[in-house]
Amino acid sequence: MEASSPTTDRLEAFSDGVFAVAATLLVLNLKPGSHGTLAHRLASQWPHYATYVVSFLTIGIIWLNHHSQFNRIERPDRTLMVLNLFLLLFVTLTAFPTGLLADNLRSGSNAHVAAAFYAATMLAMSIAFFSLYVWAARQRLFAGWIDDRQAAYLLRRNGAGLLVYAVAIGLAFISAIVSLALGGAVAIFYLLPGRRAETA
Amino acid sequence: MEASSPTTDRLEAFSDGVFAVAATLLVLNLKPGSHGTLAHRLASQWPHYATYVVSFLTIGIIWLNHHSQFNRIERPDRTLMVLNLFLLLFVTLTAFPTGLLADNLRSGSNAHVAAAFYAATMLAMSIAFFSLYVWAARQRLFAGWIDDRQAAYLLRRNGAGLLVYAVAIGLAFISAIVSLALGGAVAIFYLLPGRRAETA
Amino acid sequence: MEASSPTTDRLEAFSDGVFAVAATLLVLNLKPGSHGTLAHRLASQWPHYATYVVSFLTIGIIWLNHHSQFNRIERPDRTLMVLNLFLLLFVTLTAFPTGLLADNLRSGSNAHVAAAFYAATMLAMSIAFFSLYVWAARQRLFAGWIDDRQAAYLLRRNGAGLLVYAVAIGLAFISAIVSLALGGAVAIFYLLPGRRAETA
Amino acid sequence: MEASSPTTDRLEAFSDGVFAVAATLLVLNLKPGSHGTLAHRLASQWPHYATYVVSFLTIGIIWLNHHSQFNRIERPDRTLMVLNLFLLLFVTLTAFPTGLLADNLRSGSNAHVAAAFYAATMLAMSIAFFSLYVWAARQRLFAGWIDDRQAAYLLRRNGAGLLVYAVAIGLAFISAIVSLALGGAVAIFYLLPGRRAETA
């Protein structure tokens, strides 16, 4: 009993560290372009800024929701920790598809592949997060103060992202920019407060 | 009620992680120059050292003030968390304009653009921090032991930076070095202890 | 007495930070290949993905076990802290042999050397972790609720990895890929829950 | 009163983050050499491994001592926080002189400059740490359970490093390797347990 509380704490400390580093490493993708004046070289890099903001907010939101969720979990089990590790594996990966999409957003057919790869990473991240939620709900790891209606609401809310990211993968082959914009829309949607339970 | 205290803790843990990584990543901008002996190549890099110190201290101070402020907040709400995310987005960005200014500080017209971009990032960071403060004050999220006079003082103290960074953007087009020096002066000003409330 | 609990806390906080950064830095090794379409360039990088996953999971598992272990330690002594520092030295190193193996996995004789170097780093990490365990057990630093049978079980479980990594070093000179796969198998083995004591 | 304990906590959390990132970033300096077989290219990089180990252990030790010290501090004041920021500035810097020394250890006169710069960074770090200690002692920020004899002992122990690093700067101009070795010797000296008070 005594041991379970520090367990949650360290799980969160490690996760917070990974979220923080993954979000901060994104800056390493930013570089000025190579032609013209500095003003021109900075302006030409808008795909890097756009992807930076979408990726940063996405990691930020996953952190926010991770935080809401683990707040309610009293006794994490080993499976939850392993699922959490898979979530972090994709969070950590984010800088790679982000840089790739920024570098290729204006390069014809490569843009489609880069955007699909980007959306696929987001989807993988969401699936990992969703599994975490489903496992915790099934094993009744949540503290008592969450009722069935709240659980169903959270399931819908967490699940919605999955669907949208799957759509974003398809959209990538029509327009890379629209696919990225959809990723940005998901981030903004989750930034807005949900119902009561979500804000706890 | 029980949940609110770990909430602040994790908000701070994640923020501390981002502050720490953002401050430490600045070192990746440091590289010896490419001509002459090592001593000469090291000496020629003074713009990198100057921007490194100003950026490091600026992040350090925002951390210090972030810390003073969240110490007083008892129940962060979702909006505060989102505003905090925007603050961290700009903190994370710092390494980019820092490297840019270091690389261009001695390159004529590009120096002006780089210094303006640098000061603009600082301004964005300050605006985000200021919004955080105003929101917390308006929603009465601060603990009881802050009175109206203290609140007004903190408002003035936090707001002063905004004005100075706006001036630094303008100054950048006259002298990049003076603009950077002004940024350094802001950092030193905030390092000095404020009145009682600030040091709590 | 009062001081011993924050001591463990900070030891864990610093270690968690190193684990988190070391795991996240692995992403910097990922780069698209240089020939053909982006899809082809991404596909050609499978050695980078394979080594990324194995290294990430290995660090993740060491973190999980580190966490289980320090949960049971009540009063860390200075020797334990120094041993922990040696463990972290090798954890931190991981990105280097990981990138090396990814770059050389398909390059004939260099592949053998890279795989042996990779497995040797894993072995060094395991030896450091094992020493930590043996020291804590001998000095009776564990809390009372671990009995002799559990201790013997943990000794066997922690020691098994040593043997397998030693085998992986030898295997590297026959097949670099099989050696890497063995490293992956160790990671998966430790991801699976052990007996009761392990999951505490 | 209530606020002072979280204050120490966050100061430590931020510092731990910086220590952890600074120590882990050192790995980015490691790269295989460019001539011959991989085995040869790895072996030729011994200056990188040597500097990596010395820098990692130095950061580790400063962390250990930082930790011992802040454990005893009950009420950090703003000055202490600012001094701590200066310490972290030099800790963060470490990767730069480390890479520089590794790259130049075998390059004649540049080696002397690189080794002197390296030792100077260590000296700056020690001075910052020493100031922290002296300030805390003078302001009586330490908890009651440290007596005058312990304080004098800690002063001597913390001060000794200053002297040795100053010697290492001079030695750098005779032999870069001996200067680096002296830095390594300091690290090992501090790894060994001191008297009682140090191990608390």
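Labels for the chains are A, B, C and D, by order of writing; each one numbers its residues from 1.
Keep in mind that, in the parts below, a residue touches a chain if its C-beta (ideal position, glycine included) is under 8 Å from a C-beta of that chain, and two chains touch if they have at least 3 such contacts.
This is a predicted model, so every value here is computed, not measured.
K.L.:
Could you check if the interface between copies chain A and chain B is built from the same residues on both sides, meaning over half shared, or from different ones?
P.N.:
Under half of the interface numbering overlaps between copies: different.
K.L.:
From the centre of chain A, which chain's CA centre is farthest?
P.N.:
Chain D.
K.L.:
What rotation angle, rounded to the nearest 5 degrees, superposes the C-alpha atoms of chain B onto those of its identical copy chain D?
P.N.:
Chain B sits rotated relative to chain D by 90 degrees.
K.L.:
Report the inter-chain centroid distance for chain A and chain B in whole angstrom, where each centroid is the mean of the CA atoms.
P.N.:
25
K.L.:
For chain B and chain C, what's the span in angstrom between their mean Cα positions?
P.N.:
36
K.L.:
Note the residues in chain A that touch 2 or more other chains, in rising order.
P.N.:
Residues 13, 16-17, 20-21, 25, 28.
K.L.:
Note which residues of chain A are touching chain B in the complex, please.
P.N.:
By the definition above, chain A touches chain B via 12-13, 16-17, 19-21, 23-28, 30, 32, 37-39, 42, 52-53, 56-57, 60, 63-64, 67, 71-72, 191, 193, 198-200.
K.L.:
Quick one: in the complex, what on chain D touches chain B?
P.N.:
3, 6-7, 10-11, 13-14, 16-18, 20-22, 25, 28, 77-79, 81-82, 85, 88-89, 92-96, 100, 104, 107, 109-110, 113-114, 117
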